[in-house]
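Read the structure below first, then the notes.
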Amino acid sequence: MNKNRLEAFSDGVIAIIITIMVLELKVPHEGEFSALTEKLPTFLSYVVSFIYVGIYWNNHHHLLHTSKRVNGAILWANLHLLFWLSLLPFATGWMGENHFAPATTAFYGIILLLAAIAFNILQIKIISEHGKENSTLAKAVGSGNKEKLSLACYFVGIPISYFVSQWIGVAIFVLPAIMWFLPDRRIEKEIEKKAE
Amino acid sequence: MNKNRLEAFSDGVIAIIITIMVLELKVPHEGEFSALTEKLPTFLSYVVSFIYVGIYWNNHHHLLHTSKRVNGAILWANLHLLFWLSLLPFATGWMGENHFAPATTAFYGIILLLAAIAFNILQIKIISEHGKENSTLAKAVGSGNKEKLSLACYFVGIPISYFVSQWIGVAIFVLPAIMWFLPDRRIEKEIEKKAE
Amino acid sequence: MNKNRLEAFSDGVIAIIITIMVLELKVPHEGEFSALTEKLPTFLSYVVSFIYVGIYWNNHHHLLHTSKRVNGAILWANLHLLFWLSLLPFATGWMGENHFAPATTAFYGIILLLAAIAFNILQIKIISEHGKENSTLAKAVGSGNKEKLSLACYFVGIPISYFVSQWIGVAIFVLPAIMWFLPDRRIEKEIEKKAE
Amino acid sequence: MNKNRLEAFSDGVIAIIITIMVLELKVPHEGEFSALTEKLPTFLSYVVSFIYVGIYWNNHHHLLHTSKRVNGAILWANLHLLFWLSLLPFATGWMGENHFAPATTAFYGIILLLAAIAFNILQIKIISEHGKENSTLAKAVGSGNKEKLSLACYFVGIPISYFVSQWIGVAIFVLPAIMWFLPDRRIEKEIEKKAE
């Protein structure tokens, strides 16, 4: 089984996810700028989610770039990741429409957490298919500190959003986005090392 | 006519189908976790359909992998399959919103049945284009026990959903999904045999 | 400029058009089969449009298969075709929801007519880019009887839908679909001739 | 990192943006032609946006055609462009539904302005990656008069839409579309020069 159609299909699904989120931004019935202010929370939640989906697309791109083969387990691990990402428009819309109510912000964090777990599972499946010894990816990921830190942020942010303050929760959820936004040079470095 | 654009187009349609299903998960207007519980049936129906579409994409991938040429009949058999799959978001939403009411569950089974029949027709058209003797696919499919068993499940599940219990019906509809979820090694085995 | 990205983009747009039409099939709030009967006109209009978009995708595939280069005029002629096709979901939904009311059926015919004209313009632009003498497409299209017959059907069907009977109009609109459904062997024949 | 997946992903997102705009054209509940007249402003705003997205796709195509490599900065500059383009369906729908009310027309211009700025940033990032001396793109763009003129139109059109007349504003917003509609031969010329 070759990886091209897997990449193309994932690109398609991610492209649709990132775009249909904007459909939650319902057009206001009044034609005044004041009508936009009530859309502000939905807009902000859209911005955060757009960046998150962008990061996932970028990381997904890197992940599959290193893999030569795909098997059934990788295919389903990939669909599992796409499943949680596909719930992001729903979570984004719910959080935005309810002005970051505690439950909605915590729920948003839960979806981010489950997507991150799914991404880690996919990473593990790809590494195990290629053999841990020779895997460019295994060396690049190393001890996976970035992955662990992200999971920790979601784990901490979810109860804080619900029990303490949703705004602190949102701030915590934005941390991994910033961390991943800075491009993940690990994989590129390993590819360069191998080329030498 | 080459098969690349057929694959790309099918991937596009399937990617959209799997993603727009989530649009049936309407964002609740209350920002409490309790608002999510009424979404549970819609969510469950979404999970089942997501897995089904994932299976179809996977099997479609295998099916076209073995075929070298496509003709007009294959093209229309493919569009016929996409047509029934495109009704899955509607059937999923109807079943979820009405909490698996008997008629909606039976209707869901009918769409699954028609999609399965369409898949079998596509399989037959691809085999006949390539000649039954030399076809990797013909050997892989063999007597088509898996295909027959799936059709039997849908045939039995539809009246049971409507006249007996929708929950038994749903359980029966989930069986083929489990069976196909386990990757179909038949085609891969035949490809390996040929390579030896 | 190469044609691959033009094909990929057109495939994407056509795949989305064919799939979002199903979003006009709104999920009924009652969970009885009787709730589906009122959806029947929308469903029928969806079937007709699905076949039409399938035909356009198929013909578009053939059209670009013969062309080696694309220029700015071809690119805009292609977007012009996609524009009218993009209005098909709207026209389909309007016709279906209003149970084939005369004005809606006539409007549906107008969109079909404009899409057909756009397709002819695209064909002319591709032929002129490649030079009429050497163009495989020019020879395949020949006097363009099929194209002329389709346009005639739309021209006749529109006033009949509005002033006489929408059902006769629909029957006339289905004629070109049947005619084009039978695969257009002209282009394939010319390609074969050239290969000899 | 190679540019193919970036092109494919951008094509996917742009194809979805251009198509979901039509979803703002809500199907009227009456089946008379008179029901279409109230849709006219939405339709007109759809036409303008369709042409704008078509132009962006076309220019994006040219831009990436000249670039051999992509880096992290280009990737995010590209997502930044897609972000503003993804808000075009919202801006289009708002303007259309409110019959070009001043605030909505000015907002539409703001989105056009931000998309244009994003496009310029992307252009700068691609040029700097390839080295200003050798860049085909740098030579093609030259002093960037077309880009500067477009930005000027948006800058002028926004306050005019809001404070003077939205119709003059719309007319000003249409000017860059006409200017870009005429295909940008600069890049093609530079490619030809290099080939000599």
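Labels for the chains are A, B, C and D, by order of writing; each one numbers its residues from 1.
We take it that a residue touches a chain if its C-beta (ideal position, glycine included) is under 8 Å from a C-beta of that chain, and two chains touch if they have at least 3 such contacts.
Worth saying up front: this structure is predicted, and the values here are computed from it rather than measured.
Student: Could you work out which chain's C-alpha centre is the most distant one from the centre of subunit C?
Tutor: Relative to subunit C, the chain with the farthest C-alpha centre is A.
Student: Which whole number of Å gives the spacing of the CA centres of subunit C and subunit D?
Tutor: 27
Student: Measuring centre to centre with CA averages, how many angstrom lie between subunit A and subunit C?
Tutor: 38
Student: Which parts of subunit A, given as residue numbers and ranges, touch two or more other chains?
Tutor: In subunit A, residues 8, 12, 16, 20, 23 touch at least two other chains, as defined above.
Student: How do the chains pair up in terms of touching? List each pair.
Tutor: Chain-chain contacts present: A-B, A-D, B-C, C-D.
Student: Which subunit A residues qualify as touching subunit D in the complex?
Tutor: Per the touch definition, subunit A meets subunit D at residues 7-8, 11-12, 14-16, 18-20, 22-23, 25, 27-33, 36, 47, 50, 54, 57-58, 61, 65, 181, 183, 188.
Student: Could you please specify the touching residues of subunit D with respect to subunit A in the complex?
Tutor: These residues of subunit D touch subunit A: 1, 5, 8-9, 12-13, 16-17, 20, 23-24, 71-72, 75-76, 79, 82-83, 86-87, 89-90, 93-94, 97-99, 101-104, 107.
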